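Just below is one structure, and these are the notes that go with it.
A, B, C, D, E and F label the chains in the order they appear, each numbered from 1.
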Amino acid sequence: MNGLLEDGIGLMILGMGFVFLFLVVLIFATGYMSRLLNHLFPEVLVQKAPVTTTRSPAATGVDAQMTAVITAAVHQHRANKKS
Amino acid sequence: MENKLLNLYHDTGIYQLELGQFVMICVGLLLVYLAIKKGFEPLLLLPIGIGAVLVNIPGAGFMAAPVYDAAGHMTSPGGLQYYIYHGGIETGLFPLMIFMGVGAMTDFGPMLANPKTLLLGAAAQFGIFATVIGAVVLGASGLMDFTLADAAAIGIIGGADGPTAIFVASRLAPDLLGGIAVAAYSYMALVPLIQPPIMRALTSKEERSIKMVQLRPVTKKEKIIFPIVVVILVAMFLPSAAPLLGMFCFGNLMRECGVVDRLSDTAQNALINIVTIFLGLGVGSKLSSEDFLNLETLGILGLGLVAFSIGTAAGILMAKLMNRFSSEAINPLIGAAGVSAVPMAARVANKVGLESNKQNFLLMHAMGPNVAGVIGSAVAAGVMLSYVGG
Amino acid sequence: MENKLLNLYHDTGIYQLELGQFVMICVGLLLVYLAIKKGFEPLLLLPIGIGAVLVNIPGAGFMAAPVYDAAGHMTSPGGLQYYIYHGGIETGLFPLMIFMGVGAMTDFGPMLANPKTLLLGAAAQFGIFATVIGAVVLGASGLMDFTLADAAAIGIIGGADGPTAIFVASRLAPDLLGGIAVAAYSYMALVPLIQPPIMRALTSKEERSIKMVQLRPVTKKEKIIFPIVVVILVAMFLPSAAPLLGMFCFGNLMRECGVVDRLSDTAQNALINIVTIFLGLGVGSKLSSEDFLNLETLGILGLGLVAFSIGTAAGILMAKLMNRFSSEAINPLIGAAGVSAVPMAARVANKVGLESNKQNFLLMHAMGPNVAGVIGSAVAAGVMLSYVGG
Amino acid sequence: MNGLLEDGIGLMILGMGFVFLFLVVLIFATGYMSRLLNHLFPEVLVQKAPVTTTRSPAATGVDAQMTAVITAAVHQHRANKKS
Amino acid sequence: MENKLLNLYHDTGIYQLELGQFVMICVGLLLVYLAIKKGFEPLLLLPIGIGAVLVNIPGAGFMAAPVYDAAGHMTSPGGLQYYIYHGGIETGLFPLMIFMGVGAMTDFGPMLANPKTLLLGAAAQFGIFATVIGAVVLGASGLMDFTLADAAAIGIIGGADGPTAIFVASRLAPDLLGGIAVAAYSYMALVPLIQPPIMRALTSKEERSIKMVQLRPVTKKEKIIFPIVVVILVAMFLPSAAPLLGMFCFGNLMRECGVVDRLSDTAQNALINIVTIFLGLGVGSKLSSEDFLNLETLGILGLGLVAFSIGTAAGILMAKLMNRFSSEAINPLIGAAGVSAVPMAARVANKVGLESNKQNFLLMHAMGPNVAGVIGSAVAAGVMLSYVGG
Amino acid sequence: MNGLLEDGIGLMILGMGFVFLFLVVLIFATGYMSRLLNHLFPEVLVQKAPVTTTRSPAATGVDAQMTAVITAAVHQHRANKKS
C-alpha cells in the first residue's frame, strides 16, 4: 500500500519535472528557431491567418467565381448610393 | 407457436432489463440532454450518450463478440460497438486520428509570439499529478480500488484534453474509460462555471486588469518549423509521447505548410467528423453498468473536478510567479487557460478579464497557454505511459 | 519462355472464362445499364453492377482470401471485395452506417404532424410476411430450396428498404444476398411502374381526389424527442431491431438536435457516400454464378415483385379502412407510400393524386406513411431476426 | 415440410402482430409526447425546416459572408427597378 | 525512484537512438523539405516523410505489433503505422482506393479524340522493362541482391504512376517498398527537370514546332462506354491487371455517367484525401534503416532515373516513328507524356513546345498519351504480377 | 544467375509485347466504339466538360440559389453602365 503512495509521489515528481523540462527546452528551441528564421528571412511576415484552409475547395471555387461578379455589383451599389 | 411467442417475450427489453442497465440508459439520456440542452461538448457527449443507451439495451448485442467456427467462418457477427471499440479505441487509432485533426485546426501563432506562455501550459499540468496523488491515496487507504495505472488515467482528466484522456485511459485503465471520458468532456464543458471563482479568488482586481503588450506577428516559416521542432524534441526526450504529439504535429504541419490544403481540409472536416462519431459510440460502449455503477466512478468524478481546479490554480499562480521575475507583465488570468480545454478556457480568461477592464481583450494572449496546455498534457501522458506501463 | 507465354495465356480471361461467369458479367453490365440509362437507384446499382463484373473476372482474385504462413505473416494478400464483404457486410457495419446516414437525411415532421399514418406504414409490411408464406410454400413444396431463414430474408424485399434488406439477408441468408439486394433496389426503382396500376385498381376516382387537411406545424422539440422515444420503445419491446433503429434514430437525432451539424453533415455526405461505394462493391461480390444463376434467384425476383404489390395494396386498403372509423379523411393513395422506398413512393402517390385532382398535392401527406414504412420494416426485420435466428 | 409452413404462418402472425403493436404504441407515445411538449412549451414553433443541415459548414460560411453583400445588391436592384 | 528515473532516461531517444535511425529521420525531414519547399508531390511526400520520421523514433512503437494473450485479449496495442501498413498497404486496399479516385479525376476525352496516342502510352512503358533488365543485370552480376520480383518492382518506377508502383511493390518486393515509392514520387516531381533535356536531344526544332489538328469533340456516351470497354478487355486479356484497372475504370465511370455525382465527388475528395494521408504514413513506415540504408536503395534510385529517361525517350521515338506512317502529323514532344506522371508530363510537353512556337499549345494533345500511360503501366503491372507471381 | 537474366529478358519481351497488344486492341476497340456510337446517336455532343462533378453538392446548391439573384444584380449593373 505504501508502495503505491510512493509510486504516486514518484510519478508526480518525475512527471512535473519532465513536463517543465520539456516545455522549458521547447521555449528555448522555439525562441532560437524564431530568431534564426527572422534573421535569415527578415521580411516575410504572415499578413493574415490562413483562413482558406477551413473552407472546402468547392466553396472556395464558388467564392472565386463569384467575387468578381459581386464586387462589381457592390461597387455599383456604392456608386449609386453616392450619386 | 406459443413457444415462439414466449421466446419473443423473453427477447424483449421489458423481460430482460436489469436495474443497472435501466440506470445506465438513464445516464446515457442524461448525457444526451446535457449535450443538446446545455451544450456540453455535444460533438462527443451526444454520441457517447447514445452509445451508452445502445450498449445497455438488453439482448441488442451491440457489444457482442463475433463467433467463428473451427474453419474460421463467421457463424454469428459481432455488434457494431464491439467492432468500433476493439478496432478504433483499444488500438488507439481513433484518438490519434482525432489528435491529428485537432492539430490541423490549431494555430500556434499566439504561442510562438510569446513562448514564455509555455510555462503556464506546464504549470497547469500540476492538476494532473496532484490528482494522481489523490487517487493513489484513495487506493492506498483501501477506500477505492485504484491501482497506480488507474490513478494515472484518472489524473489525465486534469489535462482537459479529450483525445489524450481517452488514449491514456484505453492503455492504462480500459475499465475506467467510460467514466474518465465522461468526466473529461463534462468538466471541459463546465470550464465557464469551474474556473471563474478560482480565478477571482487567486487574483486581485489590479492583476486582472493588467494589459499585455500586443503580440508580434508570426511568420509562416516559424509556424511551419515549429511542429517539426516539437517532433524532434519528442523523439529525443520522450518517445512515449510520440504517438500523440507526432500525429498532432503532423496535422499542424499539414495545416501550416500550405501545399497540402486538401489533406488538411479533410483532416479537419470529413475525417475528424467520421472518427468523432465512432469514437463517441465506442466510448459509450464502456458505459456499462458493471464498469460505471460503482464507487470508483464517484471517485473519478470527484477527483476529475479536483484536477481541473488545481490545474487552473497552478496556471494562475505560475503567471503571478513569472510576473515577479519578468519585465513584461502577464495577466494571471491567462494562466488558467493553461489547462487546455481549447478554446473554452481562453474565452473564459477573456471574459473574466473584461469584467475588470472593458478594454482589455485577453483572448489572443490566452490562446498561447491554451495550446501550450495541449502539448503539456500530451507530455504528461507520455511520462505516465512510460512510468506506469514500462 | 514458351512456358511463360503459355502461363500468360492460361491466365487470360479468354482461356479461363466459364459460361456462368460470362453470364454474370453480362448481368453486371445490365445493372450498370439500368443504373445509368434508366436511372434505377444508380447510387447502389452502379457499384453493385461493377462489383458483379469484377468478381466474375476469372483469375482476377477479387474475392480471394488472404493466405498466411504458420508464423502469421501474409504470404498472399486477399482481394478487394474479400475485405469489403467480410469487413463491412458480413459484420453488418456498412448497412448500419448507411442507416445512420439515412436517419440523418430523414425528416419526421410530416409523420409527427399526423401520427395516425404510422398505421399505414404498419399495414404495408403485410407484403413482407405474405411473401414469407409464398417462399415457405415454394420451399415446402420442394420446388425451391428455401429454408425459413431464406424465406424471411426474401420477404424483407417487400420492406422496400435497401439497407434493411441487406442487413437481414447478410444475417439470415448470405448466399441469397446478391439476388435479394438486386431485387430490392430494382423494385424500388420500379415503384413508379409497379404501384400506379394497383393504386388505380383499388381506389375510386372520388377516393383519389380526397383532399387532406393541411399538416400542423411541428416543433423542433418534438423532432428532437421523437427519435429518443423510438429508441426507448425499441429497447423495451424489440431489442433485435435495436441495431437498425438505434443507428437510424442516432442519425436522425444528430440531424434534428442542431448542436452537431458538422457530424450530421458528414453522416449525410462523406460517410454515407464512402460506405455506399463499398457496400455496392461488396454486395456485387455475391453476384457469383454459383449463388445467382439458379432457380432460387428466379423465385426471389418473382416473390419480391409479389411482396411489393401486396405491400402496396395493404397500405391502400388500410387507408380505406381507417376512413371508415376516422373523422379526418385520408386519401388512400398515401397508403401505398407505406412500403417506404423513400421518397419515390411518396412522389408516386402525389403524381397519381394529381391525375384525379390537379390541385391536390399529396406529397407531404405521403411522406408520413413513407418514413413510417422505414420504421415498420425495421421492426419486421427485428421480429424475423428474433424469430428465425433466436 | 409441414413444420416449415407452420413456422412461416407463425412468423406472419407474430410479425404483423408485432409490427402493428409496435407502431400503435408509437402512435400513442408520439401523440402523448407532442401534447406534452406543446403544453409545456406552447409557442416554440419550427418556422422552417432546418434547411441548413444539408449544407456543408463551408458553404454556409460562404452564404453568411455573402448574404449581406447580395442583399444590398438586390435591394439596390429593386430600388432601381421601381424608380 | 532512481530506478524509475533511470528507466525514463533509458526510454529517451537520446539514449536509444541508433545511427541508422538518426539518418532515416534526416531522410524523412529531407522529404518533408522537398515536399514543402520544392513542391515535390507534397500530397504524398509530406506524409511519407513524416511517416519516416515517426517510424524511426526509437521506443515510440509506431510499427509495434499488438500482443494478445492466450484467450485472445489484447495485452498491448499495436502502433498506428502497424495497423495502417498491414491493413491498407499489405492488403493492397489503399493503392486501389487511390486508383479509383484518380479514375474519378481523369478525363479520357483527349485520348478518345485521338486514340492513336495510346501507342505513345505503350511505347513509354519500355522504360519499365529496360529497367527490369538493368536490375536483373545488377542482380545476376552479384553487385546487388535483386531477385526477378525485385527487378520487376523496381522497373515499375518507370511507369511514373505512384499507386501502381506501390501496389506492385507491396506484392512483389515489400522490403523495397519504401525506396520504390520515394523514387517514384520524387522522379514524378522531377519530371520538369528530367524530361526537357531528353526531349530537346531527340527532336529537331521543326519537329517540336509541329502543330497538331484540333481535337474533335467527344460525346458523353463515348466517355461512359470507354471505361466499360477497358474493363472487358482487361477481363479477356489480362485479369491480373483487373484490380488496378477495374478500380480505375469504376472511378472513371462514376465520374462520367452523371448519375452518381455524389459518389464521384466523394471518391475525388474526402475518400482519396483520407486514404492519401494513411497511404503516406504507411509507406513511410517502410523507410526504416534496415530496409533503406543499403546499396539496394542506391540501385533503386539510379535505376528509377534510368527508367524515367528511357520511357521518355521511347515515347518520343515512337511519335517520330508514327509520323513516318501516319498522315496526321504528331508533335513528338507529346510522346514524352506517355510515361504518365499526370498531369506534370503533359504540362512539360506543352512548355517545351511553346519554346519553339509561341502559338503551339500542346497541352490537350499531350493529355491523350498522358492518361494512356496510366493504362499502359497498369497493363505492364499486370504482366509482371502474372509473370513473376504466378 | 543466367536464369535470372533470361527471365528478365523474357519478362521484357512478353511485357512490351503484351502492353502493345493490349493498347493496339484498345485503339481498335475505342475507334470502333466511337464510330458506332456516333453513328447510332449522331448529334449528342458534349458541349462542355462536366465541371460540376468537382463541386460538392452543397456548393452547387448555393450556386443554384444565388445564380438568379446575382444574374439580376449583374444585369442591373450592365444596364446602369450603358445608361
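Operating definition for what follows: contacts are C-beta pairs under 8 Å (C-beta built on N, C-alpha and C of every residue); 3 or more make two chains touch, one makes a residue touch a chain.
Since the model is a prediction, treat every value here as computed from it, not as a measurement.
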item	value
Chain E to chain F, fewest steps along touching chains	1
From the options B-D, C-D or C-F, the pair that copies E-F, where over half of the contact pairs coincide	C-D
Pair with more cross-chain C-beta pairs in contact, given B-D and C-D	C-D
From chain B, the most remote chain by mean C-alpha position	F
Chain copies touching (chain B, chain C) - same or different residues, decided at half shared	different
Most widely separated chain from chain C, with each centre as the mean of CA atoms	A
Chain centre separation in whole Å, for chain E relative to chain A (CA means)	33
Distance between the centres, which are taken as Cα means, of chain C and chain A, whole angstrom	46
Centre-to-centre distance between chain B and chain A (centres being mean Cα positions), rounded to whole Å	21
Overlap residues in chain E, where contacts from two or more other chains coincide	4, 8, 237-238, 258, 262, 265, 269-270, 383, 387
Residue numbers of chain A (touch at least two other chains)	10, 14, 18, 54-59, 62, 66, 70, 73, 76, 80
Residues of chain B touching chain A in the complex	104-105, 107, 109, 112, 115-116, 118-119, 121-122, 125-126, 128-130, 132-133, 135-137, 139-140, 142, 147-148, 151-152, 217-223, 225-226, 229-230, 233, 237-238, 255-256, 258, 261-262, 264-265, 268-269, 372, 375-376, 379-380, 383-384, 387-388
Of all residues in chain E, those that touch chain B in their complex	4, 7-8, 11-14, 16-17, 25, 29, 32, 35-36, 39, 42-43, 46-47, 50, 53-54, 57-62, 66, 74, 77-80, 83, 269-270, 273-274, 276-277, 281
Chain E - residues contacting chain A, complex	1, 4-5, 8, 269
List of chain F residues in touch with chain E within their complex	1-2, 4-5, 7-12, 14-16, 18-27, 29-31, 33-34, 37-38, 41, 44-46, 49-50, 52-57
Residues of chain B defined as touching chain E within the complex	86, 90-93, 96, 100, 170-171, 224, 228, 231-232, 234-240, 242-243, 246-247, 250, 253-254, 257-260, 262-263, 265-267, 269-271, 383, 386-387, 390
